[in-house]
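Both complexes below contain chain A, partnered by chain B and then by chain C.
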Partner chain A sequence: MKQSNRIGGRIFIGLTFLFLYLPIFLLIIFSFNAGDSSAVWKGFSLEWYRALFQNRLIMESLYTTLLVSLLATAIATAAGTFAAIGLYSLGRRKRDALLVVNDIPMMNADIVTGVSLCLFFVAFFQGWGAFARWFNGVQGVVELPERLVLGFGTMLLAHIAFNIPYVILNVAPRLRQMDKNLVDAAQDLGCTWMQAFWKVILPEIKPGIVSGALIAFTMSIDDFVISYFTAGSSTSTLAMRIYSMTKKRITPEVNAVSTLLFLSVLVLLVLNNVREVRQERRAQRQDVRPPSFFEKLSMRLSSPAWKWARRGLAGAMACAFVVLTVLLTGATSSQPVVNVCSWGENIDEELITRFEDETGIRVNYQTAESNETLYSLLKSGGADYDVIVPSDYMISQLMEEGMLEELDYSRIPNFALIDQRFRNLPYDPENKYTVPYAWGTLGLIYNTSMVDGEIDSWGALYDDQYAGDVLLIGNSRDALGVALLYLGYSVNTTDEGEIREAFDLVADAGRRGVFQGKVMDEVFQKMEGGNAAIATYYAGDYLSMLDNNEDLAYVIPKEGANWFVDAMCVLKDAPHYDEAMEWINFIASTDANLANMDYIWYASPNTEALERYPAYYQENSEDGEPLDLELYEIMAPPAEVLERCEMYTVLPPETRTLYNDLWIRLGT
Partner chain B sequence: MSKELIRLRDCVMSYGDEVVLDHINLYINDKEFLTLLGPSGCGKTTTLRIIGGFLSPTSGDVLFDGVRINDVPPHRRAVNTVFQRYALFPHLNVFENVAFGLRIPKTERDGRKVKLPEREIHERVMEMLSIVNLKGFERRPVSALSGGQQQRVAIARALVNRPRVLLLDEPLGALDMRLRKDMQNELKRIQQEMEITFIYVTHDQEEALAMSDTVVVMDGGRIQQIGTPEDIYNEPKNAFVADFIGESNIIDGVMRADGVVEIFNRKFQCLDKGFAKDEPVDVVIRPEDVDIVDEAAGQLRGTVTSVTFKGVHYDTIVDFYGFKWLIQTTDFCPVDSRIGIKIDPDGIHVMKKSQYSGMFGDYSSYSEEYEELDVVEDEDEDGEGRDAREGGYEE
Partner chain C sequence: MRNKRGWFAVPYVIWMALFVVVPIVIMAVYAVTTADPATGELQLTGSNFTGMGAYLSVFLRSFWLAVVATLVCLLIGYPVSYWMAKEGPRFQRVAMALIMLPMWMNFLLRTYSWMSILENNGLLNQLFRAIGLLDLLGVDHIQMIGTPGAVVLGMVYNYLPFMILPIYSVIVKLDNSLIEAARDLGADGARVFTKVIFPLSLPGILSGVTMVFVPSVSTFAISRLLGGGTQMMLGDLIEQQFLGGAYNPHLGAAISMVMMVIVVLCMVVMNHFGEGEEQAVML
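Now for the complex of A and B:
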């Protein structure tokens, strides 16, 4: 009985650890995968680590993360330590009450902290704007900036704010353990309070300070939610960057960077533990050990002869800190800059470097997860982008709301290269606001080894024959749009009867168990791994799936499909309008379009680029292999195919509400 | 014998409505061993902390060598303290603990900061360690020392700075009985050797009597009596002092004339004078001043209710007319035997009635009273309470 209990306990513990660590183990394994799939192993390679260190966006965000974590940790540790000492000079009742208050921010949901800080900063900026206008009006000596935006500074403040409680939490117990008479004793022996702090309090609470700092640092590095709400549009931490990279799929680069992040946190923890164990052992042995190098150094530094060296060092550190902060905030103002927001994995990053080298304009390249997140970011007033790259229907909506600025086409000569097919489209009939960036189709992907014969109709999605093997696309517009097409209606219909008919078709298939699930990003794993037979997804993504599973086929069904255009626009009151024009012109060039097409596998709107791409592909492929023209047709379908396709237009609000209601009723 | 060093003038310490010290007036002579004695919460530690500079009195003056020092912070006073539970610095070894004060640069009169040369520090620390018998322990971490050794380090750490006055806050409270006796002698020896003033706080009356030149008995924030140990013991001013110092039977009496006091309606000869005729008084009779005689020959007659063997003597509780006395005698009287007692005139001490009258001196609940005396102050509670009121780290 007892024996079996013990075995049961061990198995349980084993399973717990397996559950905890297996996912991380898998992540580490796949970071060494030669292929770019997260499901199929193609051999060992360090390729993704190399790619990682060459990925400028990741490296930039890594730099931001380290900087914000280090600064926040340093400031929060100092502030938290003194706050804890202050708490301990209060009466017991007040102290206990305040310690409870201190615990609340740690238990509070990150999202609440993040949103409230964001609201606070935005409200403060509005008040500041009013004050600055008044102040600049009444005097001319000092000019205060009138427009403040969320950015590195606000994120740093937020990190400091959420780190301080952790420091207090770690320092407080050390103070509680400390004999209160120690400070009295030091003062009694001739110390001022400050000397007593350095000579007695600090050595006593040092372990608490160090572990507080380590935890604060880990929390800072880890944080996603609070940074997300306070970093504004022009700053990204590593976590935010990873999140935006996973919009489409989890690339092995993400695995690699996550592995490195995991390992560095692990190293920090191990270091901390080893340190503690050593200290304990030393305390137990109570041995006399010669002072270590650092102790000798600090002893020497604390002697009066070194007073000026000490002050110099402190001064130098303070200067370095100030310079660093000024550099960080000032870097943007001294150099021309353009703030761009696009999607993850939507540009060949070499283009950014090339543009910067050619023009001297720094590109602050950010990414959003979807049209809807971009929209809410813009609406919240937290963003200060110049150029955005939304999709067709979102452009209509932004135009209707007057959020876009007209472009100066005289400064975008490369607009002439844009194919007639992609000008004056319904979302911008007079073409005053947009320059197309990429286009593609939404089609049907199926696994030829799991399906008999060819599929040429959307009907396959609702066919009992494939029950349990069909993936329903995870957004309402696409899922219902495809059903409308199958029924012979327009994807932009506002007729409630037609929409309800489409909903019934989908819901009925759902009840019959045709769908395996509602998916977005998971479509990659499922289709590549052969876990599902049929899915609805975008052509460009089909091409990357094909790399990992040759059995996949893509078809634009006979009922037609949706096609879409992402186009560059400039926001109203963009702070860097001139630079934005240069950027748009650069991206519209044939070279840039070729590079992008090769990288993202979505078609370019540039006539020359479309013509030259097959040759470009052959030149750039390693073994001079020619482009498979069938695939190229999927990437950039010819005019006759495009004619069968329909573009989304913005729907009236009541129709949008209907979509939402129906979508919720569909459940999972 | 010597000149006055410290004077507290009308010192009041209060926290809101709570008065901790109530108009304390006290002077301390140079090279004196003075003890502040009293039960927990009597204000003795507060008085010490005022002298040390950790507290500033709500009103009143603290004078040092005739100069008012109310606002002088602790690090600028020529006073050092040995704290309750020693407060040694755990991160430093014995040598560095003792050297701590010497390593702090001192500000000269002209504003220059002077640091002692390392050689002098070494000499002074080693000299001090030999005075407290801790030679050879320099490199030990303080956590590796016994209580008595830690005690010596604390004393050395304070004395190495050559203070004019050493303050000791219940320094022997955490030691066991045997060690305590040794350390009492040690402290007295060091005080005489170093020729400095000791101000010693304790709640242990034996310790106070054994070591002090002067004892200050405190209760309820007030000084009850100041005097030599002999004065305090033999001529207690009120029932509180009589009870707190040693064992006392305290009985209601009436002063019938100079040298005549009436107890239990019987007149006794005594040496006290100067009371009004028929004034009600408290009469103190020490247990060892009572002679047991035959019932017939006794001035008072009573019944033995309990006997405890104490080694040198028996603690015998005798019931006289419903009032129970403690008598310490070498004669054994069995329980329930009838006895008589005789008291010499110099065994009777008459005191004025005070707020403490009727509170002490009855041994009806003898055994419990004994335990009560042995209760060590609950220092934690005391410390926390004080901390909560005062704040931990005031400058």
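Now for the complex of A and C:
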């Protein structure tokens, strides 16, 4: 019976490991896929590894992840050990009280820790800003930076904060087990406390320190939530990068980077295992190993005669660390930078490289999911952008709240190329804040192979016939706007009854299981892969999807739709105003607009680019095939189509609160 | 070293005050105030809490899914730990390493690996199609992504090691003579387990349950990636208020506070069961 039990146990353990590792192996296999799908095998290739090493964003985030994990582990281990020794020198009552506080970050959900730290940093920055302004006002010798933002530093502090408790938790039992008389004995025999620490305490608690450091590192490298809330917009760990990628088209580069990570950890583990086995064998044979070079060195260094050398070395290392940090930050900040935030899949990335080569300005290109998330980012103090590309109604809202800076049009000569139709629009009547970037319509996309007949009404979104195959658009303005259109109301209504009626329409469809999900840029993979049949999305993105799935169709339903303009604006007090002007001027040029149009399939507001695009397309297509004018009309719809469409205007604050409120409720 | 090195703790006390206590106080302040839309001034209000009833379904779903995930983890994790502890040291070491290994890859990568498996056109559905299961059922695909089951699966997959590690570390240290004594006194296998082994491994179970339940109840990435935005959980609700599509940090802070209090209450109740037992240390 015992034997069978044992076999059963092994089988169970084996199945558990299969469950743990099968997904990882699939991930690894598909990193060698020739196609860009994670589900359809198209043959072997190393293409994605090549692409990975050329992907600056992923490589940078990998570097950030490793750096923050290693630094946080090192600092937290030292500080935690130090603190644990301190705690154990305190009286029992004090120690227990402090250990309860020490447990808080471990007991708390990550998201609570992340959110509370984010609020703390932002509150601190506000206080600091007030102080710095006052300080810079009363004296002119030292100039303090007035504007601090979330970034690598705050993320590192957060990591240290959640790592220290784990180190203490691991070191504390070792200290408790240690015979306290040992230290007294060592000191009675003439050791200084320092020597007693190195020779008596440290060897005793070393296993605790090692396992503490290991756990701290594991927690750091595995963390996503706390980094997400404390890193701000300009710093990304690998996890954050992947999270933002899953919202768009995720490419097998992610599989490649996972594979490399997995293999390197595996190699480390195997090496460690081999080492441990060897040590054990040696211990069994009980041979005494001669002290290694480092052990001899540390023994020599800990003798009192070397006190000054020790202190000098520590000082030199501290100086070197400070100098290195300053140099590193200096090296990265001396190059001019511009921080741009746009939407996913919204630029031909070669334009970024071209701009960097021409001007020597480094572009830090970030994306936001929707106008609403962009607003949250800006408000929560985590964003460090210069140029943003919001849509019409959000521009009005940002202007209302005084968050935009006026542009210096004398430095944007290419503004002259912008078509009259796209100047002085209602959101910026005097055109003081914006340069249009792209425009288009919001329409209904459906997969003709999954839907019988043609669709010409928004009603399809709420139709039981398509239950489970409809994707609801993931932002409140578009989702409720479309429902309002279907009900025959204006998208800009402020009538609470009408808005609630639209909400009920959507919520009811949700309850009946019509929606498969609530998506923004996830729509690409869902629609292209045939994972959903109907979606609401933007014309330009439809054309991108069409490239990958010919069955998709786009309509502007008979109830009408929304048309929008996305425009570049500069945030108030943007730290890189001059570089921002250069970027805007570059993007407004005809060349950039043509390249962008060809890549993102959104219509350009540039007159020349609009005229020249059909010819440009033909020149650049592989077999000189002319542009399909029907598609061009979807991209840049003629006046009669735009007449059926309504532009969003900014809603009053009460209506916005209502929208937010209803929107959150939709998910519940 | 007694009492002489007490000042070693001072920097850490200051650090904790700054990075643990103050942030929670700030969060509490946010929770009981609201910003005037016109002036941005803070006003004291209880409306963040009173209006929370509308999200009852989110609270219920979060706690329900987290409880299910924790139970599944326990049902898988306990036998694995138990049988692992019975193996030789070599086996144990390798098994421990294998359990830890995925954690060094970051949990988002692990969750992502399930996305491509569970999609409607994903690997699992392709497999079902290839073996004719879909034709048999007469459906085009089996809906897996976007269901509560997918979210629970993601939680179990990600947090199972957190259940195994503490239970294993307690069981492996169990005093074998206790088990032998029980046997000598006539207990059969089942009784030894229920009367000796299980009660003694309770501290490990408690800390495992904590370590699985807390991240599960508050997750937002797993429900977002595998739940397709339809399985909103508390974490999503909070994230939406801070960095998502409905900016209202005051409400977000209030929800965080409530969640924190409920979780702490759960922990207190649970630790009451394991009275006097010390939290098992990981590894």
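One rule holds in what follows: the second predicted complex is superposed on the first by the 344 of 668 C-alpha atoms of A that agree within 3 Å, B and C clash if a C-alpha of one lies under 4 Å from a C-alpha of the other, contacts with A are read in each partner's own complex, and residues count from 1 in each chain.
Definition applied: a contact is a pair of C-beta atoms (placed from the backbone, for glycine too) under 8 Å apart; a residue touches a chain by one contact, two chains touch by 3 or more.
For clarity, every value in this text was computed on a predicted model and none was experimentally measured.
Under the stated touch criterion, which partner chain does A:W193 make contact with: chain B (first), chain C (second), both, or neither?
Both partners.
Can you tell me whether chain B or chain C touches more residues on chain A?
Result: the larger residue contact count on chain A belongs to C.
Answer with first, second, both or neither: which of chain B and chain C does A:S449 touch in the superposed model?
neither
For A:R92, is the partner it touches chain B (first), chain C (second), both, or none of the two (neither)?
first
Let me test your reading of the model: by the given contact rule, A:D179 touches which partner, first (chain B), second (chain C), both or neither?
first
Touch check for A:A83: first (chain B), second (chain C), both, or neither?
second
Taking the two structures together, which residues of chain A meet both chain B and chain C?
Common interface on chain A, chain B vs chain C: 85, 89-91, 180, 183-184, 193.
For the complex, give me every residue of chain A touching chain C.
6, 9-10, 12-13, 16-17, 19-21, 23-24, 26-27, 30, 38-40, 65, 79, 82-83, 85-87, 89-91, 98, 101-102, 104-105, 107-113, 115-120, 123, 157-158, 161, 164, 169-170, 173, 180, 183-184, 193, 196, 201, 211, 214-215, 218, 221-222, 224-225, 228-229, 238-239, 242-243, 246, 250, 254, 258, 261-262, 265-266, 269, 272-273, 276-277, 369-370, 372-373, 375-377, 379-380, 382, 468, 474-476, 510, 515-519, 522, 529-532, 653-654, 657, 660-661, 663-665, 667-668
For the complex, give me every residue of chain B touching chain A.
Result: residues 52-54, 73-75, 79-81, 83-85, 87-91, 93, 100-101, 104-106, 113, 115, 139-141, 143-144, 157-158, 161, 383-384, 387-389, 391-395 of chain B touch chain A.
Flag every residue of chain A that touches chain B in the complex, lowest number first.
Checking each residue of chain A against chain B gives 85, 88-93, 179-193, 195, 199-200, 203-204, 283, 286, 288, 303-304.
Okay, in this complex, where on chain C does chain A touch?
So the residues of chain C touching chain A come out as 1-13, 15-16, 19-24, 26-27, 30, 37-38, 54-55, 57-58, 76, 79-80, 82-84, 86-87, 90, 93-95, 97-110, 112-117, 119-123, 126, 143, 146, 157, 160, 210, 214-215, 217-218, 220-221, 225, 228-230, 232, 235-249, 252-253, 256, 259-260, 263-264, 267, 281-283.
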